[in-house]
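Input: structures, listed below.
Next come two complexes, and both contain chain A; in the first it sits with chain B, in the second with chain C.
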Partner chain A sequence: MKSAQRLTLYLLLAPAILWLGLLIVLPHVEILILSFSERVAPRVYAYGAGNYLEFFTEPLYWRTFARTAIMSIFVTAITLVLAFPIALYIARVAQGRTKAMLLLLCLLPFWVSELVRTLGWMMLLRETGVVSYLLRAMGLADQPVELLYNDGAVILGLVYGGLLFMIVPLANALESLEPSVVEAGFDLGGSRWTVLRRIVIPHAMPGIVAGSIIVFMLTVGNFATPVLLGGKNGLWFTEQIYAQFITRFNWPQGAAFGMLLLLLSSIIVWAGLRLTRQSLGTTLRQA
Partner chain B sequence: MAPSTDLDIVNVTKRFGSHAAVDDVTFSVAPGEFFSILGPSGCGKTTLMRMIAGFEHPSSGDIRIRGKSMIGVPANRRPVNMVFQSLALFPMMSVGENVAYGLTCRGVNRADAEERANRVLERVGLKGFGERRVTALSGGQRQRVAIARCLVLEPTLVLLDEPLGALDLKLREHMKIELKQLQGTFNTTFAYITHDQSEALVMSDRIAVMNQGRFEQVGSPRELYHNPTTPFVASFVGETNRWQGETVGETAGTTSVRLPSGAVLQGRGTASQPTALAFVRPEAIALAQGEVGLGGLPNRFEGRVSAVLFDGANSSLLITTPGFEEPIRAVLPQAGPLAGIEVGAPVHLGWAADAMKVFAA
Partner chain C sequence: MNRPSLLWKLYIAAFYVFLFAPLLVVAIFAFNASPFPSPPWRGFTLEWFTGTGAVFGKPGVLMDPIWLTSIGNSLKVAVPVALLAVLIGTVNAWVLERAEFRGKTLLAMMMLWPLVIPGVVLGISILAFFSRVANGLEEWLQRDLDFLRPGLSLVVLGQLSFILTISTLIIAARLRKFDRSLEEAALDLGASRARVLRTVTLPFLKPALIGAGLVALLMSFENFNTTLMLVGSDAPLPITMYGQMREGATPAINAVSLFLMLAVGGIASLFALTSKAEV
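This part shows the complex of A and B:
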């Protein structure tokens, strides 16, 4: 009986374990090993940390890396600021059908693939695009304006892609705030700002952290958006990884970059959790 | 000249759609008074209180605090503070921070606010609890934090919306007395709402009985209990026997009411309509083993005990009496030959005409 139960458990868990093992753990172990192998001669490899040294000695690499990290934090912050009022509205003002409609509206862009969405932005922003045309039509510009291939366009695209993943955990967290607690905040003399700062935001903290982690991870690891909207100026670290693996065919170097990116996300998430004094457990529950 | 009232409600009406939750209510509360609003669930008590606090706006009428109209004044600028039914403590703050919150909102610096919060916590019996999380408190302690959070601001008026509703019976009895004492020591005006008549009777200086958005009667607990002016008040406040009948005559202030069974009762009150409601308190019913014991009472009957509801000093008897559809409720005598009466025993009962209130139905 007991062993039969255990067998059932294993059988039920098997797909999950296979999935985790084959698709996540195994490739990462492979990549880790790969990242420590150096090409000493054609088709001859030896173990060493040369790939990592290369990263620190070549300014292009670590600058791109730092730029990706900083821009991602920036994108996460903008997404948070934009998503907060929307989530507040969805959670506390909208009722019944309106609420469902609004969430659906946020979800709608995700019915088309990321690539198509990004191409949509390109249609709008390129020199011959809709925005440029409108600016000229309104007399705000006298020649076609190129809005693509700059940091602004990259940030815009990334924020747009992250918004939903911020709104959902935020709205979840805000929904559980009792209306009478907010009213008590006003009743005892708090201004809107005080109530927001001392009651609403602390209550929403697990949601804020969960949303920020998700958006940050998605942004750091994004590929299509910076490449398409940023063009040559995109300079996203994932492009370097892509270039090493696909263009240069230098897999060990690409593997080292991949590990560095993983390390970066982990450190920043850990720092974020420490800074906001949240535990990973409560955050995951909120997400 | 300082106004002689802390709160004036003048012809206040609140409509939700076509339904009037509060319907043309007028009353005043004097400084230092413990004023209760008593009414059944859904009668509009919370709506009235939320209008005073500033969370709802009256459809018409005026709300004045110390003579100043509060119409258009937002909730955070009113000199009233509310103890919510759910208490609504801030779970993200410690007990001390909860109490100091209102002070810091007013711009009191942290150290002063903390000091004053601690002093108030001490007065409500929570000395040394400042660092605790509010989730680590018992029901009664949370209650006291919610009250301390208001009292620390020294408001003109504290509003309490059924604050004892969530507590168990024993604690509720205890908190009733404690609340009354707190109100006395802080000398603050309390407006208290409840659907529990015993809470209102025990604590209040004055009570307003509310029904379907309107005030039925405002008066001291004794007035309401002994001289109800409407049948609703007579049946809602305190235990009572209630019979419906027909007015058959009115002589020298005595009204005769004939029950459907034909029994005729003598009471006081004017019943302009043919149908009348008669009310008699259980403690006004005299019991005796023989008819002689009831002397010259105008209403005398004979019945049989159908139940003894023993509850210490509040024990009562249900007496099945021919002529009455339902058993008559009477207080179980604490001493004498009837103190040990058992179910099934025959008993004579009677009451004076003064003890029976008659209203038009």
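This part shows the complex of A and C:
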């Protein structure tokens, strides 16, 4: 009986172990090893940190990396500021059907493919697009206006893509705020601003952290939005990984870039969790 | 705070306009009688859905082999991904909720990892690892193993790597709510273990199994980052869309997008119905 139970357990564990072993752990070991191998002659490789040195010595690479990191932080901050009033409204003001409706309307666009949403922004922003057309029709511009292929368009697209992942954790966190606490704040003479800053925001902190981590991760790892909305000026680090792997067929260099991207994303997640003493599981569940 | 100011309400309204503007534009211009997906409005047409290309020189979605093949490729990936996600996800959920063994906390944590790994990195790591495996095996077996090379089978594996996390979480959440005394009652009444599973446990899990399957189907259909790194010559739908968007597409791409939106709307309302039935 005992050994039969053990056999059942092993059988049940097998899929999980195959999945995590063959699709997650070993592939990452593989790119870690690959990232430390250098081509010394055709088809001959030696171990060394050359791919990482190349990253630090070639300005295009580390600048794209730094640009991706900084713009992602910026995008996360804008997303937070834009999403907060919406989440607050959904959690504290809206009631019953309106509340369910508002939340569902937030969810719907994000179920649609990222590419469809990006197509929408391209059609709105490009020189022959809807916004340019409307500006001319209203007499605000006398020539077609190109709003695509600049940093503004990239930031807009990335913020748009991140909003939902900020609103849901924020609304969840704000949901549990006791109305009496807010009332007490007002009764004690606090202004709206003071109550918001001293009571509401501290209470929402777990949601703010969860939302920010997820938005940052999604933004840093995004590919289609910066490439399509930024064009040649997009310069996103994932594009460098793609170029090394698929276009130039320099896998060791691409693997090194992949490890660096993974490192950046993991450090931010880890730091965010440490800062607020939360676990990965509860954070992801909030999303 | 319960009486929102006018400014706040205006902001909410503006926000929802912002949220739906790109989708509306995509949908509306699917019906524009123009060879380009841009204004001005030149009249209503269904040419971009069913046209043969006689009017604008380029065919509509349902007549264009490029679009039809890529939708077919997406289905070839999404159906196995969804089936495997439900099957393996159920086993995983069982392990997480019912089994007791050393290292369970670690395993549960590892199952969350794929969600924090950027999709592009998942893609390249699986590409590199399976290329190595293929190189080794081909040398040893002296035959080609194309299914380990970039192509639809590798896309299935790449997408499963993170979709399994989602399906496992959905099914485990439902299994946690299950009242185990129901199973015990059935066993006491003389049912075999297999019969209890079939007549008590699985029917209880059914909404979660359907839900996980639909989510997996949708995520597979729409995945871009991981898929991009693993495709061979057969392009699934998002890859074809990406290519067309870079080169400049006809409004046929709007028609495809509208189909996608309708599918999403359908799945979402299905969800709304099943979750209402649960309550």
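Criterion: the second predicted complex is superposed on the first by the 249 of 287 C-alpha atoms of A that agree within 3 Å, B and C clash if a C-alpha of one lies under 4 Å from a C-alpha of the other, contacts with A are read in each partner's own complex, and residues count from 1 in each chain.
Heads up, the rule we're going with is that a contact is a pair of C-beta atoms (placed from the backbone, for glycine too) under 8 Å apart; a residue touches a chain by one contact, two chains touch by 3 or more.
Keep in mind it's a predicted model, so treat the numbers as computed, not measured.
Superposition of the two structures on chain A leaves chain B and chain C fitting side by side, clash-free. Contacts of A:180 after superposition: chain B is touched, whereas chain C is not reached.
Shared-chain residue A:215: touches no atom of chain B or chain C.
When the two structures are aligned on the shared chain, A:188 is found in touch with chain B, with no touch to chain C. If you count the residues of chain A touched by chain B and by chain C, you find the higher number for C. Applying the stated contact rule after C-alpha superposition, one finds that A:148 touches neither chain B nor chain C. Once chain A of one complex is fitted onto chain A of the other, the partner contacts of A:198 are limited to chain B, with no touch recorded for chain C. In the superposed model, A:106 makes contact with chain C only, not with chain B. If you stand at the C-alpha centre of chain A, chain B and chain C are 100 degrees apart, rounded to the nearest 10. Of all Cα pairs linking chain B with chain C in the superposition, the shortest spans 10 Å. Overlap of the chain B and chain C interfaces on chain A comprises no residues.
Against chain A, in their complex, chain C makes its touches with residues 1-2, 4, 8, 11-12, 15-16, 18-26, 29, 36-40, 88, 91-92, 94-95, 99, 101, 107-122, 124-130, 132, 157-158, 160-161, 164, 218, 221-222, 224-225, 228-229, 238, 241-242, 245-246, 253-254, 257, 260-261, 264-265, 267-268, 272.
Chain A meets chain B in the complex at residues 178, 180-181, 183-191, 194, 198-199, 202-203. Across the complex, chain B meets chain A through its residues 53-55, 74-77, 80-82, 84-86, 88-93, 101-102, 105-106, 149-150, 153.
Touching chain C in their complex are the following residues of chain A: 9, 12-13, 15-16, 19-20, 22-24, 26-28, 30-31, 34, 82, 85-86, 89, 92-93, 102, 104-109, 111-124, 126, 128-130, 133, 160, 163, 179, 182, 192, 195, 217, 220-224, 228, 238, 241-242, 245-246, 251, 254-255, 258, 261-262, 265-266, 269, 280-281, 284.
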